[in-house]
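Shared between the two complexes below is chain A, which has chain B as its partner in the first and chain C in the second.
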Partner chain A sequence: MAAAPDLVLDPSLRDWVLFPILLVMILVGILRHYVTQLLQSTPKQQDLLAIREQQALTRGATLRANGKFIPQYSFLSRKQYLTQAFKEGEFLKDKESFLNKDEPKAPANPLAEPGGMDQMMNMLKGNMVMIVPQTLLMSWINFFFSGFILMKLPFPLTIRFKSILQSGVMTRDLDVRWVSSISWYFLCLFGLRSVYDIILGSNNSAGGGMDMGGMGMGMPGGGGGGLPGMQPGQDVYKLHCSEAENIELASHEYLLDEIEDRLLLKYEMY
Partner chain B sequence: MSPSELTALYERSYAFITSGTAARKLETGELYSVFELHFYLALLTSHDVEAAAILTTLSDRFGSGSPRVAVLEALNIEATETLAKALEFIDKRPETEIGAWKRRIAILKTTAGSAPATMKTQYVTELVKLVDHVPSDAEAWSELAHAYIDAGLYSQALFALHEVLLLVPLAYNINALVGEIGLKFSSVLQSQGSTALAEDKLVEAVKFFLRSVELCEDYVRGWTGVLVGSTRILQQSKPTADVKLYQLVQEMARKQLQKIVDTKDARAEDLAAAEMVLKNYK
Partner chain C sequence: MDRKELEGAVAPISSESLAQNTKAVYYIRSVTSTIFGVGAGILGLESYFGFLFYFAGTAYVSLLMFFILAKGKPAEFFTSPSYVWTGNAFTGLTSFVLTWTMLYGLVDA
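Our next item is the complex of A and B:
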């Protein structure tokens, strides 16, 4: 061992910098959780005709997937009805306007749709809740504690960890085990997820989107909302027409055709 | 479910909710689902006060705007006050709430039981409107099917039941129900004189019964259906179906039912039914 004199940290660094940063981070996380909950707007109810429009597509898909479970005549009558109804725009939300003018509408601006706007606002809110406190915290630490060494890890690490643990400290020869203030902030930022889980229960939104890498929790609060498989502004009539084509192409293979034989074989009656 | 079973279930659910340790292991969402179930149990076992307490908890948490809470609220009014009041409450909800809509239909059904025929039409009309808007709701289709069965409109009932099968193809009870309606429909057709069609329906009914026992091997209702259906096919004056095949099917159903009866592998009432059918269809 070289006789290099070890650094001695002032205990007040621990009491007045290390713990306060940790505490502030936790409190900000909890605050963020509640603010996110407050900002979350309740998902808008669609009107009844929009539900119908969407459900019609589901019905078509179900018929194609599970048609084999019903007799042929039953399948064929449904097939005929659905293809015709889809093509005539029977299930469209604004059936009247569809029937009155035949010229195709220009693709609507996604921003103009109230649903799309809502979703965007939600995303924006979520991001603001993430970004604002983080900017504040980071500038707070940078302003007051830049270049501080806060603690020493009790285990040795390779030199590669230097950039992670000692950002903001320009000393090249310092042992990797020393952790700088800004690095402590980042460690807290990425590592507090499980602490929040304990305090707020799982599925909280305290960690914001910071846990995307590897935690596998997905964006809390984001997503959801809109119709599955349907972007705002998409021409619904086209979707319905393509569903009609799909149904037209679907062939029917009745699963119960040879069920007698199947069961007789199973119970060894032959 | 019999009242004693219901009470037992209620007690178990009560113990679970009040135990703390078991309930705490659940995710919050799951816990509220358990609360919702317990609410139903409490209402069914006439623990009104407790139901009201749960309802308060849920509406405190989710607000009165929640469609799911609204359904519970309507149920609570229905159970503790009058149907008219519940109907009034539901009418105030937005029309897009499918749950509230279904409650309204249920109330219409209850009142239709004693009321003149117009009320019954209203009940069925509402149901038809519901399945038109939400065709992916198997419950609604099944309800509609039962309404048609009550009215004796078997062809329409079969249509609705086929729709249920499209949504939940593995439901053996629905498969057996399709078979039963097929049997009834076939005898109606027979009495009207269209023998060929009647036999088609009969063969189809047996297929559905067979499907139900394929899905659930010791389903007494399914096996009895197979036995009854295949016997009727063989009783046709000049059957077009494969006689030999249905003799085997009949034999198989009889064997399986006998096995179930011998091993007592079913509920008491099912066993009694199986024995009776075996005796009648020797």
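Our next item is the complex of A and C:
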């Protein structure tokens, strides 16, 4: 405040612009959180065989990851059983058609499968919940609260921000630190994240801004009930075969081999 | 199986606990950055001093997390021990700017 206070703001600006925008932004965030929760479709009940088809892959991966906890012969017998079953298509959903060497009628188009459609819908919903309130809020602020200076930023900005942050204020020489309400909107948009974290707990879906894109992509995976790397329309038999190969390649080392030596070594009994 | 691998297998890292710890750091950063913003606004800090205040505060919180929460051994709680110092150090910056600006304006007006 070295230069004399060149502008004096009306306190009613604070009561009728600053606080209402803040309040509305917080409430919209909370609303968005709950709407997102409501819109999430519950995972559909899948039939037994379809679930088994997916879980078989998990089983193979689990064996590979945790094989070190079981002795050699257990590992080998599981390995043999799983590789054989995978290769013979034991876990496939429609085993008959596989055994009869039917051509898989696999629809290559993910839209044609109901699971894929679900994913698309979920993503679309997430984006809608994001975009609609933002557009509405921004036009609301532009309509009601434009054309005046709302506040002074505590830090200087370069002159390039002037056209954005002082939109609607027709002064050429005003310091960029004096900004209009649209910049308060932007500050709220990016800064309210932690306020939502405090109110709604972390992992909320109220946050505006960048991270929603990633979350929108991540969530539908749970809705489809699929595994990561399990796209609809993919040939499941091929996946099973590759899992069988992985298991065959997996090396096994029993964790308790030479445990006596290690134990004695640890307590320096040697 | 070499020595390090063996130790990892005997005492595996629980991913749930790791996620929980990471979340705790994130939450602490969020809350404290908001509070630092309030402080900076009330003190009427301007430009660089405000950001310095933020970083000093963040470093102080890191110190507290290092000694009180992690009891000086962050390697037991995170895969990378420096997470206590650097993890999420910038996530709170926007919240800080928000509350700083608001309180600065309120005190000034």
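The criterion applied here is as follows: the second predicted complex is superposed on the first by the 170 of 270 C-alpha atoms of A that agree within 3 Å, B and C clash if a C-alpha of one lies under 4 Å from a C-alpha of the other, contacts with A are read in each partner's own complex, and residues count from 1 in each chain.
Methods note: a residue touches a chain if its C-beta (ideal position, glycine included) is under 8 Å from a C-beta of that chain, and two chains touch if they have at least 3 such contacts.
If you're wondering where the values come from, they're calculated on a predicted model, not measured in any experiment.
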Checklist entry - So, A:R52: does it touch chain B (first), chain C (second), both, or neither? => result first
Next on the checklist: By the touch definition at the top of the document, which applies to A:I70: first (chain B), second (chain C), both, or neither?
Outcome noted: first
Next on the checklist: With both complexes overlaid on chain A, does A:E245 touch chain B (first), chain C (second), both or neither?
Outcome noted: neither
Checklist entry - In the superposed arrangement, does A:L187 touch chain B (first), chain C (second), both or neither? => result second
Next on the checklist: Contact-wise, after the overlay, does A:D235 reach chain B, chain C, both or neither (first, second, both, neither)?
Outcome noted: neither
Next on the checklist: By the touch definition at the top of the document, which applies to A:D15: first (chain B), second (chain C), both, or neither?
Outcome noted: neither
Checklist entry - In the superposed view, which residues of chain A touch chain B and also chain C? => result 202-203, 255
Next on the checklist: Give the list of chain A residues in touch with chain B in this complex.
Outcome noted: 42, 45-48, 51-52, 55-56, 58-59, 62-63, 66-67, 69-71, 74, 201-203, 255-256, 259-264, 266-267, 269-270
Item to check | Contacting residues of chain A [partner chain C, same complex] | outcome: 9, 11, 13-14, 18, 22, 68, 151-156, 184, 187-188, 190-195, 197-198, 202-203, 253, 255
Item to check | Residues of chain C touching chain A in the complex | outcome: 1, 6, 9-10, 23, 26-27, 30-31, 33-34, 40-41, 44-48, 50-51, 91-92, 94-102, 104-106, 108-109
Item to check | chain A-facing residues of chain B, complex | outcome: 27-29, 65, 94-98, 132-136, 158-159, 162, 165-167, 169, 204, 206-208, 210-211, 213-214, 245-246, 248-249, 251-252, 255-256
